[in-house]
């Protein structure tokens, strides 16, 4: 399914600050729909922070400040004319800590389609809810308890619920912050399958600590370290032949 | 550091219910200080639930009900004479979702030692805070910002903070619910190292979705499925020669 | 011995006990080097922190001694009187119990320095016996209290051992304090029902409860001036007036203004603006009601009447439910806004993030995620506001009048239950008549009605609340 | 594996965000967002505007209450018919000596002497100023001095707005002659109730309010907070606690005068505490304020995420420690809110105090909580009912004082609230 | 060890201040006397005057003798028989009754008003619920009552039914107007209750507006509603002549002299009741009572505050009572 290779999103010289503290330094990166992009790097290096700049979720952190340019389909998302609401609908996000709404499982999934008017009838909505839960690999476990609160699920179930919620609106870009951290291998496999399936039509960015996973699902990998983008390139190259020593050390587990 | 092999904790015929729904069925298990025990199993199978029965954290869930007997050093922890507070001090816990206090990093770690009177002077407390953060592999990242709020850390940092907080009071049993889920390989290695170091003096139970990790750190493994304990035995046997087909399927990733 | 001195002395003993018990516990504690329950050498640590041992001892010193003093204060007057009566002067007292006790009370008041002189000369002879009996018993009481304090302290002190569960004991006391605190609410409720019930029963002996509860005509002047009780005590217009002004008109002002202010302040305004505006709005709740009353009566009401006349409402009066309700609504804005503000603000950030990341607008996030999660606080604020509106009198008297009309016309004069209660209780009339007793019956019925409302509200909140985590 | 995903679903393309329908929908949502925001802003502006209106009109009417018109009167003491030796005014018994003089007559005489016909415009209580001046400096008795004596109510009104024609004329005369001046009325801030508007002061009622509020706060805050903690954190959830919850909520709806009845029955008739005292007033208002604090407190406690409790319990904190170390500090802002609005209401309350005897003429400030006292709102209420027009501005001035009291009381609580406020 | 507690539980603490309770109408006069009392008696503490309303005050006053009970009751009407009996039952046996003056009831309108000229009969016809027992009052405008009156809607701000002032309105105006019909006089003989109802019951359709206890509010409301009539204490009229004008009744203007002489219909006696048993025990009580006669004469400071002086004869009689402390009999109470 070859598509245009113009980047879906691109970041240029992005700096992010929390108050005085700089969390991201001068990062430039391109993300396209042909490839799944993985962000790797030690804990606290700024992966989540950078991910959140891509759909302006950092706006909600009072102390956060973003510099530089980030474009979506060529349009600067930090320009004043940008429609943040539409931006976030187009750039979906799964958070690192699962955050289901204190609503029923059904309503959690239906939330996005409802506000965006993606379903005209209850039946349509039911279809969307079922397919989203299926794709997130949660349907079988919860199909009998769709009325239960989303907060009464196990950790892994909550995480899958949040993935289902994010894909229910069919965004163009999907940002996933460690979507499989609380998942067992089977559930992980399902999510990876989902990612494979989405690739090509959607631009996907995934943060992961699991090198194997990065190698399995991504075509391009970005390695962050201490707030800088150390290396960005095709996954196979990064994993087999990294240009930088830091990257190599990290991947081979020698770093630290 | 061989010690007596009488179990530190043992559970007999434990059933746990959330309201009507049974989450754990008839689980019996022994945990000792010589071995690290790993709980594995698909998401939603009841690992967290069972872990929480071991230090009576399920008491805080209004709908949860526990049946059966669980002993710590031979004493039934569900007996009416049990001092739950002391039980929890002796059986520490790291939760699946990192939950730092909205206090400073220092106070997060110092809280336990303070309420248990483990430090008589500020200097002692400083020592405890530093060593706990070091052992949790967080010291270098936060040593300059101990006054910052614990909630302003990255996901992985929060997780390590919670590990540091749990070990700061030196409990006899440590229950860890996916302690490395948000951690990069290096940080994971540090936590695994910590587990190795603690083994022998402390009984350790770790929930993990990472089979490699279970194989690396644990000596005994319990496989849960749909609320039942399918198999419990030495890790090497479970991973090389499981008795049950379900176990084998899960471990080899064929299950689902 | 004087009361203040002995209490101070016992408090001092408590402090000493606290310090020394804590010091003893510190001495008993091994150097902290191990975990929560033992150190590396295997010797058990203190079960509880030294401060808890301190509090344990202090409680044992203070509680029994102070409790004894309270009891003693209550039984002592009786004992003193008895002893004083053994004096020969007591023989001169009259047999009649009432005048006898009056004389005794006088003698006691003079003896204790509470009165300059006795009204009755027979009391004079008893003053001295009273004084000496009082001295005797107060000294005895003081000694007993001190002994109790020492005994309690000694007992507590011997129990300090490393494994002694001082924290558990102290916490049990704290827990009882919490329980007692919440019981005070119950006691107050009982007190209120009690103080209303008796008089209400007397009222219902005079007026048929059915007529009272379902009667459609309340005639304040019949009630007050005694043209007979028929037809005078139909409380329905009062309850309607209360609901009309307090729960409908005032809420039409307070809920939208209060809730929307809270939403704006928490979600849109800059933090600095919020820090200023929220307390500013809270001032509205503290402006004395006379001020609102004047404003409603002299500015709002005449304008409303002119407006009503202009749109052609014929019987518009210069006192109107609308004038009172509008101003009352303004007064209770902060009840809604501040409590809603706090609840919305304390919904975890991750909920907000979750919704915004779905592409929801801020207002959608507020309406669909934040408000449902903050529901208990919002409803709590609204309930408080309605409660406050129901209890208001001054604005109603000044702006809505005292005429009990059963009307839907907001430009007409109506009155409320509370207003009538205040008028009946403070007006110039005999106390034992149906007119005054009606105030108690009104109070009681109002109590029951609001109770029912609250039960409904409790269930609504339980049903619709979305608890996070 | 789960059941296979339906093939139609597989092909669901990304939502067409640029489509006309979607654009229309988004435009509609945005305008609803803008509308919502505007409504919010309007709500705030309306509420704030209303407050501003009240404050400005109070200030406008009340500011003049803090000033008074004074007349410069030359008093020639050596010529006055006083036969006291200044020395006797310096030691013990000065009061008795002062009491022996007919200051009233003396003042009238001095005023007519100095101002002639216009002497009648001296305030009836002006002699107090003269007496106090002599008391402060007995040497005056050997001198001829110019004293600034307060002008009467009528003249004061004529000076400030429009009074009777005679007073207006007199004021014009005196003002031209430089005799009448406008000065800050310190007596208003330092003295107590009186029957002449030129002599009234707010200090007595202010102090009464201070004492009453102190009692109210000391009783209702701890009890309210403890009760809220118990009910939310420890009480088993059952019929009984539901009943307690409902009855507390219901207490908030009980008309305040009924609390007055309760106070009368329990504190005065059963416990025999002194009538009209700040102690009883405070206790009665505490009963009324407590439910507000409990309700607000419970909501604030409910809002603290359970994970924080779990975290503390998990390292062996006792339930009491969990609550006092974590839950209470996090709930404190909400508790403060309840306290602020509860206390604000208590501060402005009159009806229950009527039942326990605080609607009274009390001409000296209370010395302690058991002394007879009145409070600001009652004072305002009494003054608003006074015949003399001079009381109009005094009433407004007293309202300003009450609002200032309220503001300072609130600002402490607000400071604490902001200090403890945290998002999680 | 706990003398203070024993003391309070014994009832009442030491008191060196006079306490008075009762009528809000008498309140301003009692406070004025209290102030003068302090100024004339150096070292005396100021009396505490509570404004509770006459009825509520009576209940407190009659509750007993002793420092915890008030010494004086201010009353805007005479003590009722039932109240006197309750006093006796509680041991308050010796009560001194002193009439201190008269309170005038004034009818007024705004300066911008149409200039009403009324009589008790017209007032009765306009306000009665059931004029002369001939059925519901249908009059909407004053012209409906009498063609000579302006054609403006009837709107009267007056005292609420719970106040003492309302009693005066009934007694002094409405009943007089009612009795203009001889049939009513007959009714009085036959059926006292029906008479009272017909003659004093006021219509409740919003034409008569109960206006709380705050007379200043009525004054202000007249300003805002220029076609309305206000009924309130004479002193308020006096103070607000700048914005109000009086409404002549029977052609008599509401001036001080007319009210004092009784030509202007509408005046009621004001009383204080004092406990003789407290005379010795409460310091200054005697002097305080003695202060009243000095103040109540025409031209005295009480009349300057708007009280109307009683007749010379009444004053003399009551001054005598105030000095000799003659106890009331109670036999002629109603």
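Per-chain numbering from 1; labels A, B, C, D and E assigned in written order.
Going forward, a contact is a pair of C-beta atoms (placed from the backbone, for glycine too) under 8 Å apart; a residue touches a chain by one contact, two chains touch by 3 or more.
Here the structure is a predicted model, which is why all the values come from computation and not from measurement.
Enquirer: Going by the contact rule set out at the top, which chains touch both chain C and chain D?
Expert: Joint contacts, listed by label: A, B, E.
Enquirer: Over the chains that touch one another, what is the least number of steps taking chain B to chain E?
Expert: Counted as steps through touching chains, the separation is 2.
Enquirer: Does A-D or A-C have the larger number of C-beta pairs in contact?
Expert: A-C
Enquirer: With centres defined from CA atoms, tell me which chain sits nearest the overall protein centre.
Expert: So the chain sitting closest to the middle is C.
Enquirer: Cα centroid separation between chain B and chain C, in whole Å?
Expert: 46
Enquirer: Where the CA atoms of chain C average out and where those of chain E average out, how many Å apart are those spots?
Expert: 36
Enquirer: So what's the Cα centroid distance for chain D and chain E, whole Å?
Expert: Averaging C-alpha atoms per chain gives centres 32 Å apart.
Enquirer: Find the geometric centre of each of chain B and chain D from their Cα atoms only, then give the gap between the two centres in Å, rounded to an integer.
Expert: 56
Enquirer: Which residues belonging to chain A are in contact with no fewer than two other chains?
Expert: Where chain A meets two or more other chains at a single residue, that happens at 85-86, 89-90, 97, 115-116, 169, 171, 190.
Enquirer: Identify all positions of chain C at which a residue touches two or more other chains, and write them in rising order.
Expert: 36, 167-168, 294, 348-349, 361, 364, 425-426, 468-469
Enquirer: For chain E, what residues touch not just one other chain but two or more?
Expert: In chain E, residues 9-13, 52, 214 touch at least two other chains, as defined above.
Enquirer: Under the stated touch criterion, can you name all the chain pairs that qualify?
Expert: A-B, A-C, A-D, B-C, B-D, C-D, C-E, D-E
Enquirer: Given the complex with chain A, which residues does chain B contribute to the contact?
Expert: Residues 18, 40-44, 48-49, 96-98, 141, 152-157, 160, 177-178, 181-190, 209, 211, 250, 253, 255-256 of chain B touch chain A in their complex.
Enquirer: Spell out the residues on chain B that touch chain D in their complex, using ranges where they run on.
Expert: Listed in rising order, the residues are 55, 57, 60, 62, 85-90, 92-93, 95, 97, 99-102, 111-112, 115-116, 151, 162, 165-166, 168-169, 171, 256.
Enquirer: Applying the document's contact rule, which stretches of chain C touch chain D when the two form their complex?
Expert: So the residues of chain C in touch with chain D come to 36, 167-168, 171, 174-175, 177-179, 181-182, 184-186, 188-189, 191-192, 195-196, 256-261, 263-265, 267-269, 275, 277-291, 294-295, 330, 333-335, 337-339, 341-343, 345-349, 361-364, 366, 374, 376-377, 380, 383-384, 386-388, 390-391, 393-394, 417-418, 421-422, 425-426, 443, 446-447, 450-451, 453-455, 457-458, 468-469.
Enquirer: Touching residues of chain B toward chain C in the complex: what are they?
Expert: For chain B paired with chain C, touching residues are 83, 85-86, 89-90, 112, 115-120, 124, 169-172.
Enquirer: Over in the complex, which chain C residues touch chain A? Could you list them?
Expert: These residues of chain C touch chain A: 271, 348-361, 364, 368-369, 372-373, 466-469.
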